[in-house]
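In order of appearance the chains are A, B, C, D, E, F, G, H, I and J, and numbering begins at 1 in each one.
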């Protein structure tokens, strides 16, 4: 099942540079591992913003929450989830 | 180039049933033709709403506007466009 | 899987009284049939508003959309869907 | 009487890890004690957010306020309360 | 139990003058009857707006909803309900 | 003249406990003194929130501002003022 | 006492031209009569909008409401009232 | 002096096609005449919306209001005006 | 030319008392000097808020920006500017 | 291709004066270099605010994001991007 997720990153300005770099490196590794598993088929940067729009493909709301709350950046993310259904005009559906 | 587009459909309640059915049929035909051209790679229904989230892949802002303003439903759509850039953690980028 | 749904009813003021009464009767019959199927475990009126808060228990986003878009009042509803996950402090989970 | 309550958790990022862990442990114990008393019949996690939607069943507004303001996390919660009435289509009412 | 209620009146501009006058007369009679019963202790006009702020004193959410949905103007009201608890600094509590 | 005032309390989380307790004690004393003067006839807690809804009865906007800006908590309050006029259906007016 | 008032004009597009012209003429006459009485010391057009910002100088909230609800355009106005107090840095206060 | 203006077009759906075409033709002629006068140096379509962003260069707020309220589409426009000052980093200033 | 300006003051709570007192004293001196120059004809306190509504009379957007950005409190102000034009019903215009 | 960009500057109040001055100097140098390249044809200050409205002319969303995320102030900017298409009434198009 597909979920549309927007994430806005709000890292506090006073976080130490090393801690920040480590956090972002771990986020990238986690994100790429989930992408390779097939559960994160799309990941786009919103032009001009420190934010992304993603599509997740997971089996349940609980799976989605586990995946998102496991993001190293999760404590600093503002997240909005929108469940996606099949569109009747989608030629691939 | 990719654009994220959300469309909310606001057809007036007093439109005649025949006119409405014709409009929706023409919208579907147009949407499927654009999908087949490769310029509308994703089209999802927002669960529970008469709205969709779409990804368009076109060459310019003008091409996007021409495509969207050509939708038969365009006069009845509330549209929000978000330009998408490559995400540094995207494994396919 | 559980979905939290808020529905605000916006029936046009100029709808004929008979049409309106028929619509509401069909809505009630549909709602009660879905409740009896176990897919609509909770249905509450928001005090003072022509609106409800509901919990649906269905297998997928597509099932939810089919169920909601089948509501006789659907063309007149403003709907907001929130997917619900298990809470770690829920004693029944 | 039923109350629909949404709680968004906003714990300051600079709270010491031990203080935070203690706070969350006390919140969980408190929440489970109230659930066992029958006054907190539903507690759900909003998928992707550090937030919950709850249903409380208490005798009065004062009881609700006492219960909520007694939550160990109360100083860090953004709370919205909606009173719920019986819905005329509810088959269990 | 006390409820704070704000009502904004949105009567359609094309309602016939006679129907409108009758509706407002019935609203006034109903409001005064409820006031005399002690369940509507305060009713104020918001200066400059076709809106009021009221305090209701009723036994339950269901009683409040019955009372409000019985207002002749109910189909034309935008209503927001806020449950009021005792304030610890209130000298009359 | 009556004014409807909503106050949301936003005390910084890092205020020292003693300073906070002193501030709240002075707020309570001030609030009760004003109530006894007759200028603050109603003071209610919004259920579930660290906020109140109040009715003030003072002679002028300047009197209201002096009273409110004299609250010990004033630097930490988000305040919204609504002037109240007589309602034509008020049976006590 | 001074009140800051913003008025946005929302005349329905289907009002007959003669009715509209008459309404606007009566509004102008009323506005100028109130200005001459000294109770409407400032009246400005918001550049680019069919809206105004006004300062009223009246004795009470009831006087303000009577004055505003007497405007011929009142049924078509969206009005926001802000009570103004003396500013401590005002050299004329 | 420069003004940034956003205009959203809201033509009623029930306007007759001929009236609508005539209105749009007159709007275009007026817009092009003002552009040729040098007072409307930039006019852009917002991609995907029936809206524009414009820069006007006129001598005063009154001139701006006269120009905008003279637009044939003015009764159907939602307009937001932002005054623009010189930016200290502008290499052409 | 007239500009309507609303300023909300947001001084950080952790500013040292002396620095704060000095800042406010300099703000007052600056404000009164500008008032005496005729460029700040009206300055009102919004009742109950640490905010003001002002009318400025200056020659250009650049003059307004220079004046406002010169306020000692400028780094702590949230400012909204609205250009004012002559109203056709203003008896003094 | 043209992009309309609004940037609101939110530099933390506790940044050291030297760090702040250096940051702003580097921002200005960067902004002027990009302007000289032709990719930032317009840069305006919003009167009364620490914010700007800009027009960028770049080849793609990726180019825009690279340019904006390279701004020395980027971590402290709230940015909103709007893609601009050709307007059919633009006499220069």
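Here are a few things to note about the model shown:
Everything below uses one rule, namely that contacts are C-beta pairs under 8 Å (C-beta built on N, C-alpha and C of every residue); 3 or more make two chains touch, one makes a residue touch a chain.
Given the structure is predicted, the values throughout are model-derived calculations rather than measurements.
Using the average of C-alpha coordinates as each chain's centre, G ends up farthest from chain A.
Annotation: H-J is the more contact-rich of the chain pairs H-J and F-G, by number of C-beta pairs in contact. Centres computed as Cα averages put chain A at a distance of 23 Å from chain B. Once the centre of each chain is set as its mean CA position, chain A and chain J turn out to be 27 Å apart. Between chain C and chain H, the centres computed from C-alpha atoms are 43 Å apart. Within chain B, residues 2-3, 45, 47-48, 61-62, 64-65, 81-86 each touch two or more of the remaining chains. A complete list of chain pairs in contact reads A-B, A-C, A-D, A-J, B-C, B-H, B-J, C-D, C-E, D-E, D-F, E-F, E-G, F-G, F-I, G-H, G-I, H-I, H-J, I-J.
Listed in rising order, the residues of chain B touching chain H in the complex are 3, 5, 12, 61-62, 64-65, 68-69, 75-76, 79-81. For chain A in complex with chain B, the residues that touch the partner chain are 2, 4, 27-28, 31-32, 35-36, 42-48, 52-53, 55, 82-92. Touching chain I in their complex are the following residues of chain J: 13-14, 45, 47-50. Note for the complex: chain F touches chain G at residues 1-3, 60-62, 64-65, 81, 83-86.
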